[in-house]
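You will see two complexes here that share chain A, one where it goes with chain B and one where it goes with chain C.
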Partner chain A sequence: MLLDFARLGPWRVALSLIALLVGAYLLLPILLIVALSFGSSQWLQFPPPGWTLRWYEDLFDDPEWIASFLTSFKIAAVVTVLSVGIGLMASFGLTRGTFRGRQALRALFLTPMILPVVVLAVALYAFFLRLHLNGTFLGFVLAHLVIALPFSIIAISNALERFDRDIETAAIVCGASPLEAKIRVTLPGIRLGLISAAIFSFLASWDEVVIAIFMASPDLQTLPVRIYGTLRQDLSPVIAAVSTLLIALTAALMAAAALLRKDDRS
Partner chain B sequence: MSFLEIANISKTFGNVTAVSDVSLEIARGEFVTFLGPSGSGKSTTLYMIAGFFEPTRGDVRLEGRSILSEPSNKRNIGMVFQRYTLFPHLSVAENVAFPLRVRRRPAAEIAGKVEEMLALVRLESFAGRMPAQLSGGQQQRVALARALAYNPPLLLMDEPLSALDKKLREEIQDEIRRIHRQTGVTILYVTHDQEEALSLSDRIALFNHGKIEQLGKGRELYEAPRTRFVADFIGHSNFLDCTIARSHGGFADITLPDGSALERVAVHGDARAGGRGGLMIRPDRLRLSPLRGENGPGIDVVLSDATFIGETYHFVLTTGWGASVNMRMPASLARADDVTIGTNLRLHWEASDASLFGQ
Partner chain C sequence: MTVTDVPMAPQSPAARRGGRGFAPVLPALALVVLVFVIPVLALLLRSVLEPAPGLQNYATFFGSTTYLKVLGNTFLVAFTVTVVTVLLGFPVAWFLAIAPSFWSRLLFAIVILSMWTNLLARTYAWMVLLQRTGVINRTLMNLGLISEPLPLINNLVGVTIGMTYIMLPFMILPLHATIRSIDPAIFQAASLCGASRFQAFTRVMLPLTASGIAAGALMVFVMSLGYFITPALLGGTANMMLAELIAQLVQSLLDWGLAGAAALVLLVITLAIYMVQLRFFGFGQARG
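Moving on to the complex of A and B:
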């Protein structure tokens, strides 16, 4: 390679330094939040004067936070199942189908990824108003499904394209019906794509705040919405604790996805 | 009634005719190879038998019964593909067990059959491996075991060895021959490698442009090619352009471009007096001598290239009118003079080794 790290000479030090700074710039806010969530100061003082688990206790004692956590989790879980299911069928159609307008349809499926989320949120809000879906669990799920689906379709389509179709055909010649061949051979063959579709669908819903603010009602608030709402009232270290938990789950899922990709390549 | 009967099948894709009116009868236990250049319709014919494509016209009958209305998974036919198609998430043993599992056979029977099949392809000790841990040759042997696990009456193979190197290919060819003998299964095999076709098959169907150009034992195709295409494809023959002076009862008198005349050359196809033709001579039926001398038909040539390919020399000779002639000669018979580029030599052959193809 032209820019081989090993052959950069003295530039290596400079490059390492820049990389380190960029990494720090990206990571420090997160580390700060994590540190504050364990800090004993009521006023989010930094560096923390002492360490405590009090904010986590407060968090778990508060039924509203727990309710939001469960709401977020339930919505994300249902979105994940639907997104992977629909994404799987759509991907079969998009990669195996020979109908006209296939490329246009793929582009249409992916538009939510490039559309500004606010635009999507306003549109969904106006639309759901007529259907009386705003503030309902179903409304949340449908809205988040729109943004989760592109992730599923990309992950699953890629896996399907890489999966040699002759393998499925071989299963059929062996006596399996076309459906049985898909279930017993093709699905296990693209399982990494399915798992990463699930992870990214879950995260798309779990992290989502803009649409959720539009959809939320007083008794149905996702975790990010409650964080946002609470922030506007007072700046409690409990928020740092919630954020830390959010970050932990997200990081765990991202790490799982990264591990899978590494597994796939080896 | 033959075992497998392919009756006038054709297949068109849009306006491309991939297979055009192919008929073939195959006896039980026979090993028949489809040989032919790329795009000649070999795979398409095989896929119609397997049920991946529906023929545009014609019928396929197995033991007298048409199988066209049955879907692939109900045809009970075995198949080995060109690409590696082992199920990547299943072990070798589970791959072989798969067709029996979808047939809901009892566990004891499956275990016994898997063992028997792995023994057949000599991979007993690999039962627990995953496909990714096998070499290409081993993968194709497992694929073969999987395809035979349910005792299919017919085994289809579409260039199963084309991804392997030459030495491995020859090894597995031996395996396939042995397995064919041992199981008695009827095999339809596709290849575009003529040596592979010759060494494996009872009969060869030579495909060209979607049709069977000639069907017969390898030796028949080699010794009695019916068309110029067959003569050219099997054995890389030489064709010398000539004009036909006279044609009489299966023989012709011809004139080569340098004016030398040959009498009573056996004719294949039709040759009209005054027309043009190709004089076919096999590269291994030619002899060289140091100018004039020997009797029999011959032409003056210049040696333009000599390649030593172990055991044999491959010569390229240029005729007086600029045509190239390929020739093979056992290395032990080649003299120093024969391999000096630029030497003038006399090329000759037995009259019975040359034949004429009309154009």
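Moving on to the complex of A and C:
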């Protein structure tokens, strides 16, 4: 009755209406940004009086925007590699180790994900002041790595737990060394976990803004820091152009993830 | 002999004591201790050490109407956002679980797209929509519903609208999983026993989804408490939330002691709520 759409009766109308309104609430702001990024009104008039690519030209002509884009990309790339590497090792330890306190250790590794990020931001800012790491590439990488690692550990541990260990043992019986078996049998077996660890680690760093606001120097700013700084002054349509590019990136990653899932099923 | 009986590499002394496999965890442990545990503990320590040892920072925090008002704002916004996301999220999760596959897939894609879209991009959208000359005010004025633009931004109204937008997916996804796990036969049974739709809803559906609702609500509430970016951009200076206060104490006032105290208050509330969550619902379900 209540779980059969056709037999919901009058409730079907109410449910569909709310779903429609919430769908619009979630989707329209995103479409609005895309529209405004091509609109000719500097004051973000909607509907736009005309169409233009001016904001994209402004964006790509500005070396500072390009620099912050590259900075973000480099940091996120290094963080992704380290996060997957360290996360893979930690996941092996957590899922296969027999030492005591594994549950507590796992909880500790996941804590940075659930604590309010502003607390970590302020704490790291103070700590890095003493170590002279604020505004440095290394500082950004370390800070974002702490944020990204929980995503890696969750994705890879889940994959490892699902992986049938007897296959690895079988490879060893057939003459592979334990390390060889891990690299040639286990890693391909958990590749989906590794890929999602990489995607989430990249996004965790790429989208991170609170810690970056505190740590950034005028010389080294990530893309989100630059967007945030601009937004505090005015609602320039250039931000609509940047946002549209970020939305396109999201949509592409979503499509990739969907394809991966389909690939996995077949 | 089964494969698991094959003798493996010789065991180290540690293995015989039952402590195998600790080494691979070390890099992660070093990172988390150095870049997370030590800095956070150091910040919290400053709350009782600066400017002089003692609890005066906590006395200042809880003795000042300004700071208590910030705490009040924080709870008010987090509570409102939680209630609204439950009220909107439940029907949407229900729809997603049972609607014809084209419509549920479409809506699901919208929810995921919105959740994954850069936070600043989404906040920017709401700054544009809510401003004095924004689309919402202009539309309402053109319709003749209002004569003056409504103050929708730089206050708690704006913060609540923007935060609700950001938190909705975190309510919809776990609720969707909960509703999908219900066996439809239960409602056939309820129907056979003569229950009306309303009775089936209140006596069967709500009790079966209560734990999912509670888990989603706790998560949204606790995430809202510590939120920084959206309140900083959509809120006003007159009505701050706790995360903004912590940032301001550090950035503008350089009052590390008081910032540490405010951070501890936020941490204690957050951890207390997570403890409730872990105790009653487990960690996995909370993440949806």
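To be clear about the criterion, the second predicted complex is superposed on the first by the 250 of 266 C-alpha atoms of A that agree within 3 Å, B and C clash if a C-alpha of one lies under 4 Å from a C-alpha of the other, contacts with A are read in each partner's own complex, and residues count from 1 in each chain.
Criterion: contacts are C-beta pairs under 8 Å (C-beta built on N, C-alpha and C of every residue); 3 or more make two chains touch, one makes a residue touch a chain.
Since the model is a prediction, treat every value here as computed from it, not as a measurement.
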Touched partner set for A:Arg100, first chain B, second chain C, both or neither: second
First (chain B), second (chain C), both or neither touched by A:Val185: first
Partner chain(s) touched by A:Leu15 [first = chain B, second = chain C, both, neither]: second
First (chain B), second (chain C), both or neither touched by A:Ala176: first
Contacts of A:Phe73 with chain B and chain C, given as first, second, both or neither: neither
Residues of chain A touched, compared between chain B and chain C (which is higher): C
First, second, both or neither for A:Asp164, with chain B first and chain C second: first
Doubly contacted residues of chain A, that is, touched by chain B and again by chain C: 166, 169-170, 172-173, 178
Partner chain C, residues of chain A touching it in the complex: 1-5, 8-9, 11, 14-16, 18-19, 22-23, 25-27, 29-30, 32-33, 36, 43-44, 46, 86-87, 89-90, 92-94, 96-100, 105, 108-112, 114-127, 142-143, 145-146, 149, 153-154, 166, 169-170, 172-173, 178, 203, 207, 209-210, 214, 224, 227-228, 231-232, 235, 239-240, 242-243, 246-247, 250-251, 253-254
Chain B contact footprint on chain A (complex, rising order): 164, 166-167, 169-178, 180-181, 184-185, 188-189, 191
Interface residues, chain C side, partner chain A - complex: 3-4, 6, 8-9, 15, 18-25, 27-29, 31-32, 35-40, 42-43, 46, 88, 91-92, 94-100, 103, 106-107, 109-114, 116-129, 131, 133-135, 138, 165, 168-169, 179, 182, 184, 187-188, 190-191, 197, 200-201, 204-205, 222, 225-229, 233, 243, 246-247, 250-251, 256, 259, 263, 266-267, 270, 274, 283, 287
Interface residues, chain B side, partner chain A - complex: 50, 52, 72-79, 81, 83-89, 98-99, 102-103, 143, 146-147, 150
